[in-house]
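In the part that follows, the structures are each spelled out as structure tokens.
Next come two complexes built around chain A: one with chain B, the other with chain C.
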Partner chain A sequence: MFGLGKKDTTVFVVVIILALCAPFILNPFPTGSSLAQFNAGYPDLMQRFVIFGIFAIGFNLLFGLTGYLSFGHAAFLGMGSYAAVWMFKLLSMNVIPAIVLSMIVAGLFAVMIGYVSLRRSGIYFSILTLAFAQMSYNLAYSVLTPITNGETGLQITLDDPRILGASATADGGIPVTNLFGLEMRHFTTVDVAGWSFNFSVGYYLCAVIMILAFYVAIRIFRSPFGMMLRAIKSNQQRLYYTGLNARPYTLAVFVISGMYAGLAGGLMASMDPLAGPERMQWTASGEVVLMTILGGAGTLIGPVLGAGFIKYFENIFSKINDGVLHGWFAFLPDGLENFVIAILHPFVGKGWHLTLGLMFMLVVIFLPGGLVEGGQRISKALKRNKPEDSGAARKANHEPAE
Partner chain B sequence: MSKSTLTRRGVLRTGAVAGAGVALPTIFTSSRASAFTNEPTGGTVTLGFNVPQTGPYADEGADELRAFELAVEHLNGGGDGGMINTFSSKTLDGTGILGKKVEYVTGDTQTKSDAARASAKSMIEKDGAVMISGGSSSGVAVAVQGLCQEAGVIFMAGLTHSNDTTGKDKKANGFRHFFNAYMSAAALAPVLEKMYGSDRKAYHLTADYTWGWTQQESIQAATEALGWETVNNVLTPLAQTDFSSYIAPVLNSGADVLVLNHYGGNMVNSLTNAVQFGLRDKQVNGKNFEIVVPLYSRLMARGAGENVKGIFGSTNWHWSLQDEGSKAFVKSFGTKYGFPPSQAAHTCYVQTLLYADAVQRAGSFNPCEVGAALEGFEFDGLGNGPTLYRADDHQCFKDVLVVRGKENPESEFDLLEVVEVTPRAQVEYAPDHPMFAGGNLGSCNPGA
Partner chain C sequence: MGILEVKDVNKRFGGLKALSEVNLSVAENTVHAIIGPNGAGKSTLLNCLVGKLIPDTGSVMFDGQSVLGRKPFEINQMGISRVFQTPEIFGDLTVMENMMIPLFARRDGAYRLHAFRSVESEAELRSRAEAMLEDVKMLDKRHMHSASMSRGDKRRLEMAMCLVQEPRLLLLDEPTAGMARADTNNTIDLLKEIKEKRDITMAIIEHDMHVVFSLADRITVLAQGTPLVEDSPENIKGHPKVREAYLGEAA
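Up next is the complex of A and B:
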């Protein structure tokens, strides 16, 4: 279907189902229950899942296929956000021009940064991209304050011109980002016997764009162009000796990857019209590397899973405070309760980084192929229990992991 | 590469199943029509406390969180009631807000606009918070205030001292109890003139974000009005922890006063660096070299230790004040936590009470009605003397304290002494003052 192979179609359909049913999947616990703390199905976090999914898919095109490890990808995300917010300030609150411009701006910067950085490979490439990203961050933070509003971040105000839209709504408020009148922040909550599910306009826009981005990524993976990129990863020297110039290919994929990041930045600004310099900081660039490795670099679905995993920890674990812990362990005797909480305390709330770090270590040590490898091992173990089609299963297992 | 075959029957069947699946939830749909965002319907109401738990302002954030917990306890009738007993408005009776028990959720702003907004958004969308408070950085306060305006909830700003919060970035849904950079400068300038004379050369080190900029602008304007000269202003990144490279040039600049427009961990580090470089023992232009810290807090004074002795600054509130409200607050805070509260804790506690009281008086949680109840509200008994919530810009007007690092502290908390209480009239300004111009409150947004 859609010009995809059978296996890819399955993966694609799974992604579509996951994306469209996310409001149900992410809210598995009834609202009133004590486990509701772990529900992630509220609009802001769902939007983050898919937006960072797009970001990681784009990063994986570069890192997973060519092996070029860019340590400055967040710069494109940040530039995309600034471009989108400026579009909201100057043109209109419709998200389409903002998203288009954010991709164009990120693409242009990717051409410039890529042209310089791609002259080197390996660690030197990483350092060059890191340097460019830190430069962009520092420029946005202080020198370019008139354009970026410094540390506070660029926001929309009542005095913006907005040539094609209104500066202010009829009742004097700041207009809302929309898609031809469909407000991005609008969401409907549906209650079903104790559960409540949020259906957000902004989320579904992001989800549809993520599905498109995922589809394009599959096509690139399977195209002759993708094959060239893999060749670059396996042995660039040999490629040069056969008379092929690798640089146009690497530059092309670097720009595509940068535009994915710009798209993610534009979407972030569309969901919440603010752009701050910390989006470009090296920690943000490192985060997408973590997402990709955690999920499984070079696989199709891995980066999306990794993005979801990290964002879940950042937003859910960081909100568990001691009060919540006391609520959970209230059934224990006092001394024991305090003991258990004292042990858990460093791992939740502001200690979520620690938990995430431990998980990352476990994944890297025991599942070098990321979460995707974990899934493959489980399915392999399940298949082994069915001897009647073991031959077919073994054959399938010998295919390269995706 | 295999292609799957599509049949007419297969497509129809899939379509029918998918259609039924999409239509299914609407059967169960219960209407959730409410007049405003997160209208509390059960027996509880949720407030969101968004404070920095990591980063340069983490100390302030921790103290703010203690104050919020104390305020919630008092609102729900626990403890000794604290400032509820001394508050001039008598609507709060320890039965929660409008009879609903107060619950709260917390989040970490990380002193980053993006993280703070994500945290506030999850409080509003997931936890159903009807009011967001806290924050210890003006950049964050401005960003979160913008978010609350868009989402339709009330924002009760915590520690934010930039002129912009109620100046060019003011919002109808946002309210600030804390004083601002202009007030600091207006209160500090006369004292500086008295102590250091009117012929001085000042060198500014400024935290590079909205608060630093407006603080520097305000102090420069106020001191230049005295006749001081401004030699240089150097912007330092907020995340900076070592200021040695910024201090060295001060020695060769010919300046005889160093103004540190820094707060929290920044100020602790920059002041320590400055003292280590021996700035305070220097004689420049025949005068003693002096250091001024426009915005002071006890937490910072403790962090900087010995180095704060004799250094002037301003503060919103200090635990050694002897009015009834301050005494009641220090007593209940001290009983619960074992040490006196900071100014950050004070402003957050007061903001929570003011919000609860405004809801009681309005008889509704609707942000527009609460906002109207706060606008132009005059009150007393919350530690700062008679105070006005000005309707034009949602800024509180009250007396400002000028403080000095104590030479002989009696305890580890007794680090600052109040030099002067600058009366409210001296720090007031017109809503359209040039340092505050350019903003627009807009109209209040109840959301939904």
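Up next is the complex of A and C:
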């Protein structure tokens, strides 16, 4: 189906189902229950899941296939955001031109940065991309204030021209981002017997774009181009002596990957029309590296899982404070309760980074292939267990007889 | 006039004269061996042929065109394929994928962005890859992860990757270095078979006399960066200068 192999079709269908049913899947607990705080089915959180999913899919095309570890990919995300917000300021509040321009701008910058950085490989490539990203961040923060509005970040205002739209709505407010009139922030909540599910226009736009982005990524993975990229990772010397020039291939995938980041940035601005320099900071670049490695670099679905995992932690684990912990452990005797909470305290709330860091270490040490490898091991163990189980059962039947 | 003409090539590394006044002519459809003791300049000469090194003076002509100043991938596109001393293959890829890459390089040139077509759909190239694997008796291993194969298999795969490009000149850099006797004999048989089946020109750099004498039509003996003699294997065996410089040392 869709020109994909059988296995890829399965993965693709799984991703479609996950993306379209996310409002249900992420809200497994009834609203009133004590576990409701683990629900993640809020429009802005779900949007972040898929937007960072797109970012990580693009990053994985570069890092997973060629092994070139870019440490400055957030720069493209930030550029995409700025481009999109400028489109909202100058043209109209429709998200389509904004998203298109954000991809073009990110792509152009990727051509320039890639052309220079790809002259080196390994750690030097990483350092060069990091340097470019930090340069972009600092420029956006200070020198380029007329374009980026510096520290405050770029926002839409009432006196923006918006030549194809209106500077202000009829009642004098700032117009909102939309897709041909469909407002991005619009959502409906459906209550079903204690559960409530949120269906947001913005989320579904992001989800559809993520599905498309994922489809393109599968096609690239299975194409001759994708195979060449894996060959580059495997043995560049052999590639050169086989009559192939690696440079155009690496530049092409760097630009594609940069455009994915630009797309993510453009979507981010479309959901919430502002852009700040902190989006380009090196911590943001590091985050996408974590997402990809945590999920499984070089796998199709890994980066999406990794992005979801980290964003879930960031938003849900960080909300568990001491009050919540006291609520959970109230059944324990007072002294023990305080002791348990004192131990857990550094791992939750503001300390969620500690938990994430530990999880990341465990994954890298024990599952170098990321969460995907974990899944594969579990399914393998299950498959192996089945015949063993029947074997064990037979054995059990035999033993009493003997 | 040979297909490969090396004229008056000199190469210095600092104070060391690695090659001095090297002249070499490889005739079409022959197996030309280049032998010599360690440090004779065999590998330097080979690297000058494939674009890894550029000689200080002299010329290297392949089929009437100079290869000097061209990059390795451009030289390969001219029709020269190279087998390395330690097999260089794409270890992360399957055997079949390893075979497809040289075929794509031949069909599409040094660069082409086929990002939306699937590798599976390239039926014609696949059948050519399979035929070549059949020739080197590796068809049953086509789905194997190539890094997990034995060294002998890696060598066969590397040769198949070079041959599937139908090169006009195949360069082999000590193809049996570090191999067990049985593997060496297999490689010799494979090369003999290749030589008989196809019109191919080969230049072999080799240490192992057994390999050289069982394959070569012409032999050039290098010593201290200069060609000592060039002759047929029979004459080389008895040549006093060669015995002194090389065989004497080996015996």
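A few notes on this one:
Assume the second predicted complex is superposed on the first by the 385 of 402 C-alpha atoms of A that agree within 3 Å, B and C clash if a C-alpha of one lies under 4 Å from a C-alpha of the other, contacts with A are read in each partner's own complex, and residues count from 1 in each chain.
Everything that follows uses one rule, which is that a residue touches a chain if its C-beta (ideal position, glycine included) is under 8 Å from a C-beta of that chain, and two chains touch if they have at least 3 such contacts.
Since the structure is predicted, the reported quantities are computational estimates derived from the model, not experimental observations.
Of the two partner chains, chain B is the only one touched by A:Y141; chain C is not. Of the two partner chains, chain B is the only one touched by A:G276; chain C is not. When the two structures are aligned on the shared chain, A:D191 is found in touch with chain B, with no touch to chain C. For chain A, the partner with contacts to more residues, out of chain B and chain C, is B. After overlaying the two complexes on the shared chain, residue contacts for A:G5 are found with chain B and with chain C alike.
When both complexes are overlaid on chain A, the residue A:T152 reaches chain B alone and has no touch with chain C.
Look at A:N385: by the touch rule set out above, it reaches neither chain B nor chain C.
In the overlay built on the shared chain, the residue A:D44 is in contact with chain B alone; chain C does not reach it. In the superposition on chain A, chain A positions 5 are in contact with chain B in one complex as well as with chain C in the other. The residues of chain C lying in touch with chain A in their complex are 50, 71-73, 76-77, 81-82, 84, 88-93, 97, 100-102, 104-106, 108-120, 122, 161, 165. On the side of chain B, the complex with chain A involves touching residues 1-4, 6, 25, 28-30, 32, 53-54, 105-108, 112-115, 117-119, 121-122, 125-126, 138-139, 142-143, 146-147, 149-151, 164, 169, 208-210, 235, 237-238, 438, 440, 442-443, 445. Within the complex formed with chain C, the residues of chain A that make contact are 3, 5, 219-220, 222-228, 230-231, 233-235, 237-245, 248-249, 252, 256. Those residues of chain A that touch chain B in the complex are listed here as 1, 5-6, 9, 39, 42-45, 48, 141-142, 150-153, 155, 157-159, 168, 171-174, 176, 185, 187, 189-193, 197-198, 272, 274, 276, 278-279, 315, 318-319, 321, 323, 349-350.
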